[in-house]
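Dropping the structures in below, format is structure tokens.
Next come two complexes, and both contain subunit A; in the first it sits with subunit B, in the second with subunit C.
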Partner chain A sequence: MFGTLSYNKQKMIIIISFLLIPLLLLATFTYYPALKLIYYSFTNWDGYSPEKPWVGLDNYREVFSNPDIFKVFVHNFAYFVMGVVQNIVAIYFAVVLNSKLRGRNGFRIMLFLPYIMNGVAVAFMFGYVFDTTNGSLNLFLNNIGLTSLAQTSWLGTEGLVNYSLASTGFWRFMGYNMVIYIASLQAIPRDIYEAAKIDGAGSFQTLWRVTLPNMKAVIQLNLFLTVTGALEVFDLPFVLTKGGPAGASQTYVQRVVETAFAYNNYGLASAMSIILLFFVVIVLLLQQLVLSRGGDK
Partner chain B sequence: MAHTKFRFVDFIKYFSLLIGVFVVLFPPYVVVVNAFKSTDEFNSSSSMALPKSFLNFDNFVAVFQRGGLLSGFGNVLVIIIITLTLNILFGTMVAYVLGRFSFKMKPVVFGAYLVATIIPSITTQVATFGIIKNMGLYNTLGAPIVLYIGADVIQIILYLQFIRNIPVDLDESAMVEGASLFKIYRSIIFPLLTPATATLVILKTISIYNDMYIPYLYMPKQSLGVVTTILMRFQGVNSGEWNLICAAILLILLPTVVLYFFLQRYIFEGVTSGAVK
Partner chain C sequence: MNKKLFSLGFVMITSLSLALTGCGSGNNNNNASTATDEPAASAKPDNSGGNAAATTEPAAAGGADISGKITFLTNRTDMIGKEYDEYVKRFNEKYPNIKVEFEASQTDYNQQAKVRMASGELPDVMFIPTIPNSDLPKYFASLDDLGLNDQITFKDFKSYEGKLYGITTGNSTSGIVYNKKAFADAGITEVPKTWDEFLAASEKLKAKGIIPLASNFKDKWPLNNWVYDMPRIIEGKADFPNDKLNSDTPFTMDNGYGKALSLLRELNEKGYLEKDINSTNWEQSKKDIASGKFAMYFLGNWVINQVIDAGTTSDNVGFFPLPYDNSGKPAAALSPDFFYAVSKDSKNIDAAKAFVKWMIEESGYEDFAGFISPLKGKESKLPQLKEFQSTGVQMQEGTPDDAKVTEISNKAQIDIPAIAQEFVLAKDPQKVLDKWNKAWANAKKDLGY
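Take a look at the complex of A and B:
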């Protein structure tokens, strides 16, 4: 029956029927919530009552005027710092593993391993590693003679807790960045290296002038992921420290979730989400700007 | 002279790689050795010491009996199977339409998938929550399923790369023989996308298995725990009993680690193809 229709008609039917459910899903669970979020952000809805009182820009004013809310971005900053270090280490290992080396596939497999591990299990695993009295990190530090460091409360010290958590993120995602960098290194044409060699470039010169510039796009992609990842950290502190001690490791998204689901302040939480989305878009635009300027040179 | 310099560089390379591997393996090592210790042994031995015996499975038995881990594995398996079946179907359908036909709205459709990636899905749950409740899916396995089945842009890009490599001649010669476009999708495109599908099945299995937030938010019911939420509950009840928790951690890590060692080639392909292109 369907086969007897002309191909033009078939094409129409296929396009519509094949896209219908997928686009409906996309609309229902991505765009419709995003639009609702914008609407909620102008109300002080509590999440269950039928009426959603309109409050205009009050929620946005609250976010920008309440220093408590913006202060948590200081905690997110630790993840950004560790994320940058993570990318540098990932590039280093990618370059090393892209050279002639015995057992390089084995090393690649080992370094990528944490990425596929269950995040909650990893969080608890580090909860144990970081434990002050029973923890194996302090025991290890003690064993190698760093006794003064071995008393540290890694998750209980306000200035330190975010870096401890962020280093867990480093542990989990460095291999992921590395694998992407390795792929981008392998995509660099060999003749560029041969030309550099003929021109008498040393290995560091080659790295600086040939390898890194050719990885620019991928480095930028990874940095974008790092920045947005740092802005959107949630599960690690949520599982491991519940934001403690005394809120010192609470991240922005954790605060959004708490505002909505624990304090039933959906309006404020929505405004906070919209502001986060806005930041992500700004990062993206800045990156595009830098990228296109770099392309003009 | 040049010879010794060469060897020094190699030394640095191997030394740093070994440090990297040590850092990667240290936390899992601690978990493995303590998972096999009885409470007395755990309290009296160093947390880095090997257990007396690797045949002491008491902690693992306790995790299954007290923690209900088996139902967690069962629930997550049901979610994965239903989600992946539908997701692969929808993903290949979208990719077939975008990869083989040209029509006015095509850039809009692709753009809609692309823009969706920058919307932080964690925070939009504030609004999604009401939708799921209204659909009557709250506290059912349906909630994570409907939230996972939609195709994402990485999946579509991966499929489009594969479709581009399937010669259009194949479609055309099937048309000459009178095959319908649906038949072309079903018996040419879908089967030839199998390598990409394999990669996606593995990656999505791992990411659904590892997800905590969606099951935590939408399935608080005791009987609907998945491995991540069950681990969280188990840790809450048994906090401080690290030997038990280590056993639970180990049991939950094992499936993806085993999957990874057997199928790493597909995983690397999937991870890199989305990002580098």
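Take a look at the complex of A and C:
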């Protein structure tokens, strides 16, 4: 029956029918909830009752009139710092593990494995690592003679707790970044390296002038993931510290979740989410602006 | 650039909605090991209104007449396939035609139940999550025809406009759960009756190398009894938490809140709590209490059975009221746990009601769970509760929270256990109280109360 249709029409039908299911899934589970979220942010909904009273921009006004809400972004900064370190280390490992090295696949798998684990499981595990009195980290420090350091309350010291938590993220996501970097390294044509070698470039010069510029797009992508990850971190502090001590490790998303489910203010929480969305957009625009100054390729 | 922006937005919406959906599941998975232990007694009760109306006999009293299949959404996932099977067997001897199925809740019962309410798919029998009592008739059937109205405790707690919608599954009190051997080892011969004696006992335990009191400070919920029970006991006023409504400074050093929090702070300052209160482990603490490494908990009586299960014998675990002052007159709070409710839209309402009634009267669930019976005057079989009663303790039945108080608290984002954490950790506790008083006053003004 399709024989009478033109080739282009047949093509369209095939493309649409193949895409229908993924698009439907995307619309149902991504765009529909996102639209609902925007709608809720203009209501005073408590999260369960059938009535959703419309309050206009009140929720947004409330968020912006409460400076406390934005103070928690200071805590997210630790995750950003660790994320940058994580990217540098990932590039390092990617370069090392992309060279001819005995057992490099083994190392790659070892570094990548933490990413496969469930975030909550990882958080639980690190609960035992960071425990002050019985934790493996302090036990280790004690055994190598750093007894004074072995008394550290990793999750109970204001100022330290966020870095402790972020280091868990580092452990978990470094391998993932590394794999992306390895993929991009392998896409760099060999002949550029050969040309550089002929021109007498040393290994550091090769890295700085050939490898890194060629990876720029991927570094940008990874930075994007790092920034959004840092802004949206939730599971680690939620499981490990519940935002403690005294709110020192509370993150923005955690606050959103509390507002919605502990204080029954779904509308305000939705507005906070939308604001986070715009925050991410702004940060990314800034990043684009800064990083693409050298001109697009 | 435009295209880039578009795809950027695309990615962001995707990642954001992922993050948000992630929240839901994250919530459900996170405290997997603590959740089933956490009692609902700590959940803040909501308001109620009016008395339950006159009782009538259940619609169909004869056991074999009632038939149908019912589902019970329970938080006690540990009992499914074990105790619940045994309950159903006994239940079916009386009601052979009712088929009972158990559905295990996710770790956050309250949240899951609310989601189910929003979608209108409620199980036949469930527990009431934290919703205002005025919403009860929207979801639940009246239980007045069970004929239990004059026997149950906390009858007005989940009632609205004279109709009863929920019956407590069991009641708890809070007090000091202690390891008798640890006390004996430290040379404590009788349980402390005043705060000074309590401190002296703690000092003896500490000198012996035993951590006197396991606060589980980090997990926050174990502080619930300090902030929900102690203040009203100290004030000697069941309705004290609702007095907040008449004040712009509900948290002061010389009222119940300040006094209760100061007790906890004093214990921490004297080194009677865990070495690092920001790094505590709930599961481990149960084993440590059982083995005598820690000596005491200040928690509800529900924890007694869990300590015994963690590796000790029942006769090694004791229970006495916390002596919060030097008067020597013990008092303790009585609080309800979860409330049974029957869904309004249940296809087999009679079967569901029969099951609820049976659970309350005959299942023996309260003894298994370590509760005081939901029925008035029914004596507990647990030796620890007998010991507790023998101190001549005065039990104070709690009152439901005023909906306005809950509303202001939510608006101000006041979570009293979190305030307790801040209070204990802060250099200047007065500042913490000031901060939350201000939040309270602002929210109160915004809402116009």
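To be clear about the criterion, the second predicted complex is superposed on the first by the 256 of 297 C-alpha atoms of A that agree within 3 Å, B and C clash if a C-alpha of one lies under 4 Å from a C-alpha of the other, contacts with A are read in each partner's own complex, and residues count from 1 in each chain.
We adopt the following convention: contacts are C-beta pairs under 8 Å (C-beta built on N, C-alpha and C of every residue); 3 or more make two chains touch, one makes a residue touch a chain.
Remember, it's a predicted structure, so these values are computed and weren't measured experimentally.
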| item | value |
| --- | --- |
| Fit-or-clash call for subunit B and subunit C when the two complexes are aligned on subunit A | clash |
| Contacts of A:205 with subunit B and subunit C, given as first, second, both or neither | neither |
| Which of subunit B and subunit C A:247 touches, first, second, both or neither | second |
| Which of subunit B and subunit C A:277 touches, first, second, both or neither | both |
| Subunit B or subunit C, by number of subunit A residues touched | B |
| Touching partner for A:33 - first (subunit B), second (subunit C), both, neither | both |
| First (subunit B), second (subunit C), both or neither touched by A:135 | both |
| Partner chain in contact with A:120 - subunit B first, subunit C second, else both or neither | both |
| Contacts of A:257 with subunit B and subunit C, given as first, second, both or neither | both |
| First, second, both or neither for A:92, with subunit B first and subunit C second | first |
| First (subunit B), second (subunit C), both or neither touched by A:239 | both |
| Residue range of subunit B overlapping subunit C upon superposition on chain A, of 113-121, 149-157 or 257-265 | 113-121 |
| Residues of subunit A at both interfaces, subunit B in one complex, subunit C in the other | 29-31, 33-34, 37, 47, 118-120, 124, 131, 134-135, 228, 232, 234-235, 239, 253, 256-257, 261, 273, 276-277, 280-281, 284 |
| Subunit A residues within the subunit C interface of the complex | 29-31, 33-34, 37, 47-50, 118-120, 123-124, 127, 130-135, 153-157, 224, 228, 232, 234-235, 238-239, 241-242, 244-247, 253, 256-259, 261-265, 273, 276-277, 280-281, 284, 288 |
| Residues of subunit A touching subunit B in the complex | 2-3, 5, 7, 10-11, 14-15, 18-19, 21-23, 25-26, 28-34, 36-37, 40, 47, 92-93, 96-97, 99, 101, 107, 109-114, 116-122, 124-126, 128-129, 131, 134-136, 139-140, 143, 171, 175-176, 179-180, 182-184, 187, 218, 221, 228, 232, 234-235, 239, 253, 256-257, 260-261, 266, 269-270, 272-273, 276-277, 280-281, 284 |
| Residues on subunit B engaged by subunit A in the complex (per definition of touch) | 13, 16-17, 20-21, 23-28, 30-31, 34, 46-48, 90-91, 93-94, 96-97, 101, 103, 109, 112-113, 116, 118-131, 146-147, 149-151, 175, 178-183, 185, 206, 209-210, 212-213, 217, 227-228, 231-232, 235, 242, 245-246, 248-249, 252-253, 256-257, 259-261, 264, 267-268, 271-272, 275-276 |
| Residue numbers on subunit C that touch subunit A, as the complex places them | 4, 8-9, 11-23, 26-27, 29-33, 111, 114-115, 117-118, 131, 135, 138, 218-220, 274-279, 281, 284, 409-411, 413, 415, 418, 421-422, 425-426 |
